Amino acid sequence: MVGYAFMGAAHSQAWRTVNRVFDLPTRATMVAVCGRDAAKVAEAAGRLGWAEAVTDWRELVARDDIDVIDVCTPGDSHAEIAIAALEAGKHVLCEKPLANNVDEARAMVAAATKARALGVRSACGFNYRRVPAVTLMRNLIAEGRLGAIRHVRAVYLQDWITDPNFPLVWRLQKDKAGSGALGDIGAHIIDLTQFVTGQTITGVAGLTETFIKERPLPEASSGLSASAGATTGEVTVDDAAVFVARLSGGGLATYEATRFATGRKNGLKVEINGERGSLVFDLERLNELEFYDATLPTAEQGFNRILVTEGEHPYVSAWWPPGHIIGYEHSFTHEMRDFIEAITTGTDPTPSFEDALQVQLVLDAVERSGSADASWISVPAPLVES
Amino acid sequence: MVGYAFMGAAHSQAWRTVNRVFDLPTRATMVAVCGRDAAKVAEAAGRLGWAEAVTDWRELVARDDIDVIDVCTPGDSHAEIAIAALEAGKHVLCEKPLANNVDEARAMVAAATKARALGVRSACGFNYRRVPAVTLMRNLIAEGRLGAIRHVRAVYLQDWITDPNFPLVWRLQKDKAGSGALGDIGAHIIDLTQFVTGQTITGVAGLTETFIKERPLPEASSGLSASAGATTGEVTVDDAAVFVARLSGGGLATYEATRFATGRKNGLKVEINGERGSLVFDLERLNELEFYDATLPTAEQGFNRILVTEGEHPYVSAWWPPGHIIGYEHSFTHEMRDFIEAITTGTDPTPSFEDALQVQLVLDAVERSGSADASWISVPAPLVES
Amino acid sequence: MVGYAFMGAAHSQAWRTVNRVFDLPTRATMVAVCGRDAAKVAEAAGRLGWAEAVTDWRELVARDDIDVIDVCTPGDSHAEIAIAALEAGKHVLCEKPLANNVDEARAMVAAATKARALGVRSACGFNYRRVPAVTLMRNLIAEGRLGAIRHVRAVYLQDWITDPNFPLVWRLQKDKAGSGALGDIGAHIIDLTQFVTGQTITGVAGLTETFIKERPLPEASSGLSASAGATTGEVTVDDAAVFVARLSGGGLATYEATRFATGRKNGLKVEINGERGSLVFDLERLNELEFYDATLPTAEQGFNRILVTEGEHPYVSAWWPPGHIIGYEHSFTHEMRDFIEAITTGTDPTPSFEDALQVQLVLDAVERSGSADASWISVPAPLVES
Amino acid sequence: MVGYAFMGAAHSQAWRTVNRVFDLPTRATMVAVCGRDAAKVAEAAGRLGWAEAVTDWRELVARDDIDVIDVCTPGDSHAEIAIAALEAGKHVLCEKPLANNVDEARAMVAAATKARALGVRSACGFNYRRVPAVTLMRNLIAEGRLGAIRHVRAVYLQDWITDPNFPLVWRLQKDKAGSGALGDIGAHIIDLTQFVTGQTITGVAGLTETFIKERPLPEASSGLSASAGATTGEVTVDDAAVFVARLSGGGLATYEATRFATGRKNGLKVEINGERGSLVFDLERLNELEFYDATLPTAEQGFNRILVTEGEHPYVSAWWPPGHIIGYEHSFTHEMRDFIEAITTGTDPTPSFEDALQVQLVLDAVERSGSADASWISVPAPLVES
């Protein structure tokens, strides 16, 4: 694993747990974790359960006893690490968004395509696909329970930077993070809604905004591109993005990603309306799915709050009895489960790098629309040269 | 009152009730109701509590014993009736949207301006302003409890025409209704959010869609512009509209109005996020308001579900004890209460025709954006020549 | 109508509205209202819409132009008025609880039985039976959708006297009110659960409590049984009652009625669990009913929030389109609708005085259990001599 | 650890995780797990992460390299194992309920008292105390935010045996399980409410019921006390228990534990009403706590849904950012955290065996009341000879 911060901790919990809960043909071994600061990465390795700590990811890529590289770094290093790993024949799990821009993402897809031909697998870490309620959502739609999709409305609302004194961390700098709320959390709702509907976004028009344009530098600010002696720096990413979209199936969609929705902590909410029913999901209550079945008798129709904790529900039988809820981190355990299974069975895990490139193309279109007075931007198909 | 269908019934219930519940200086007398079909309007008069029934609204406008004209017809006749009534010195309460287009609305504002100088009052029936929870929302924002507004997200979701066999009623014809979901229910969320924030929408970009383009003609289809012998006709209004917007205070907003949100019956939901807090309202639970107060200690912050049924809450002391909820129709009773009070005290009731013209300008901008590939359309200020 | 306070206002709103909304064979005429204070009852008559005001209810009973007596007084006068009215051949609608004790209730049942033989009708005002969601609950259970009932849990939670400085109003005096929370609101949940399940409570064991035993006298305290010069008086009714019960069908039940549940304003909540499903109702959200249907596929089972505002739902077609909610007062309009219809068609309205006597017998059993260290008290069948 | 079924799996997940997430002075080593079936326990050891598997718990108690015994067996073996372990100087964590009857519980308390004098620690596994929202509940009450407690209403609702064909597992046999819903889940709500209020239950009156009295034997039924050749056996525990109670502080309480509440999977719900506020918790949404603060201005009072995922909330800072919810299993990780900390710092972990004996005394009182026509049974103080 490369990186050991928030995502590194979440992935480690999943790697430690996946074989304890799921019955899989292969047991994952946590060989080594990589970080630039030797002391810190050593501490992290001990705490998170990795046998070794290294400071150069190239070392991991070069080792024979490592089969999988899990990329948990900020977006600016995804392409370099993932491509090198794939070229070295390592299966790659790369955190989302796939890259900081479309060009990098295309290069990664090219590398993944070549690697796939050699049996080397790759996937992008849109973990929310593996929340049982989200998988159930997709299954119900795939079974035709909603009919033609008329509307998607998706928001991802957070509020952790509403305070103007919150410092200029790497996630607020374009060179590190690629974009702000749009790429960080907007990417999740783009992927999730495309996943559950089985459709793609074909065009967008939207607005982006940076409400707080200058912020205090963090104490250890050496990495920042700020003038010497400065105590504040410029926020170079969006605080919020809103856009309307058309779906490939003819439906209308609205999306919003923001870090300024006071009171919303991890407020990913998606509602899908179809001819024959609707589905509603809220990540802050991720064990629940609301299903409106318009084929029931009128007097009995309603939003049915399904507690997605039954053995019949995706992934759930491995866990606890009905009603004993799971948490955020479990989505990663499920991700690792499916990744291990795909590798072991020689199939391609999902979402693929192509899927993730498609998300990147939407992000790019939104960004361009936001910079061009909300003008309409078509999203190209993620074609890759064969 | 002119018109006696859905809005006519709701207004009648309010006129019958307002003086029974509120202590007002003047008692409303329900003199006469007007409709084109003599038999039907006579029946309606008896049922709804009007002393007389007439078939020509001009008769009402001409009578000396009538002080107020309440316009409850489809939008295509608003301008003619309201202007004539104002010129005849009658106070006018006109249902929303004010008119079917901006030109008509401007003419109505001009008439209202002239009448006002003579002490003749006018207001547009955006009744949801008078839901106690909505008034409370506005009061809290006006007191500064939210600080700078960052986000507005407003939807008005219905599903009554998802069935392709639902007939081509007047609300689906542009010449009668002006527009579809946009003008009918979109107008409500535009007015409501501008009202509670005290801000205006300065520009929009959005999409409109007609999912079902052809529908069966209603049995009595004489009024329809359909070819002889046809059994279906063209839907000439939008089924749904989605748009992003900028607010005059710098915030971002998203809006959606649709009649295709399966399972959502009267789903007007508004969330406002500000620097210091957030507010959430849902018309299907109109006695409740959620208030997130970010000035409380962090460990105690949350979405506080206020049951807006206390004597301290707007309008409520006239009704029942705390917890005894009110319904949809009460918003009209409150509207009549405020309208009567304004007339009696010689002040201008709200929302004024100017306020309603502002809504019309937003509707017009959305419609133009929807017809022009979601391009950005600025909303002009509703200036009226003096 | 006798009495014009809270219940009088609610009943008047219903009498004014019932024929405007429902198509009934007879139109109710609001002839006269009675109260002891001539000035106050005259004011009330004008405000509430009664043609006349009188100060002696015997006058109403004696008049030929009056067919129905609506008893809205405190419980201590129910028996005398209702019996006299029935003997005079007037149909009687009597507010709940039917009486202040079992003996009075039995006498009323005897009078109602005699009157019925002469075509004179009587009913007790358990208005919540007519909330559409409650009627739907009963219908679903009657159709067998829940199977055998295993559990009933019912609470009626209010908080209007948690302040020790709240005065000693008539509802806190046993001689006027009969009992406290138990008879006032406990009666509602006893009736409602017996109504929806079609079963009776066969025995109880419970506790009653008066948390605040002394309260300030109201300013006009002449009617109070307090020593001369006293500024406080004794609370002689229960503040709260809790009890367990057995149902005639073999299920277990818990009940709680209290005026000390801080934050609960009109918190009547009922949950019924049966072999094949469950139902949940909350009066503060009275337009909703939750239905768990355990015959659906396991992965799709959930608490289905039915918005009980469809034309197919009981009483609703007379009102507004789906999603346009109704309020507390509408339950009375439905009560009047059914009462008028029963009288006109010569059938017995429900709940009958016998039904109300059954509730009284349960109240009596709870009170006795509460006074006897929670010992088990069987509830006798409400047999009436033939 | 002794036992490796449901509780064993949950405890193992916690032991594996606790030092990865919390910074503690001691690291737990998972030495050995014990079970009667050698093959099965070996498989479990490998899967759950225990270094060794043994078949006799006495072996664990005798080993020098083991400091802690974690008892996860059915209740009938708790006393023997825990007492032997304490006498051998091992710290003991024992699952709830502490024992199958009061006598066993008293013996365990006696052993714990002796051991404590020698620095040997013991605690009972009422894990829900460690749900952050429950700990927050207790803290708010301890700070006086609710004032005098008027009401507790607590239910623990499940539905896993509503099907009469569900087999006669050990949890349905008195000799193994001690009691049914009462001891299994009723014990949780008794402990939880006594914990958060800081009060004890002083007396109870209630009913118990076994709805399905005969059930099919499980296939491997050798352990069952059934006649040879029988295919069904008698259910010897309660399916449900309901009771009213008085609290040491003068409040009234209702409790219900059932396995027949169709649709409720793990429905532990607790509401506490006090003079100055109320708290509501629901285990199926365990990341949330509702707090009604009656000291706020009346117009702003409401049930405030606190998402208990902030760093300021108990235990949370070790986990994920705000809004990233945790699950059922995390309560065990917190339990292990506090247990390790107590042992390391030489303090007594909670809840103590005395606390658990108090719960046992309440369970015993309910059982006796249920067998004696709901008569009132006082709960004795859990005095232990010194």
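As written, the chain order gives the labels A, B, C and D, with residue 1 at the start of each chain.
By definition in this document, contacts are C-beta pairs under 8 Å (C-beta built on N, C-alpha and C of every residue); 3 or more make two chains touch, one makes a residue touch a chain.
This one's a predicted model, so the numbers in the text were calculated from it and none came from an experiment.
Counting only chains that touch, the fewest steps needed to get from chain A to chain C is 1.
Both chain A and chain B are touched by C, D. Here the spacing of chain C and chain D, counted between their Cα centres, is 41 Å.
One finds 55 Å separating the Cα centroids of chain B and chain D.
In this assembly, the C-alpha centroid of chain A lies 37 Å from the C-alpha centroid of chain D.
Shared interface positions of chain D, i.e. residues touching 2 or more other chains, are given as 264, 301-303, 307.
Taken together, the touching pairs cover every possible pairing of the chains. Across the interface of their complex, chain A is touched by residues 6, 10, 12-13, 16-17, 19-21, 47-49, 158, 160, 264-267, 283-287, 307, 309, 320-330 of chain D. Taken together, the chain C residues at the contact with chain A in this complex read 136, 290-291, 293, 297-307, 310, 312-313. Of all residues in chain A, only 146, 150-151, 153, 155, 157, 159, 162, 205-207, 209, 211, 240, 242-244, 246, 250, 252-254, 256, 258, 260-264, 271, 273-278, 292, 294, 301-303, 373-376 touch chain B in the complex they form.
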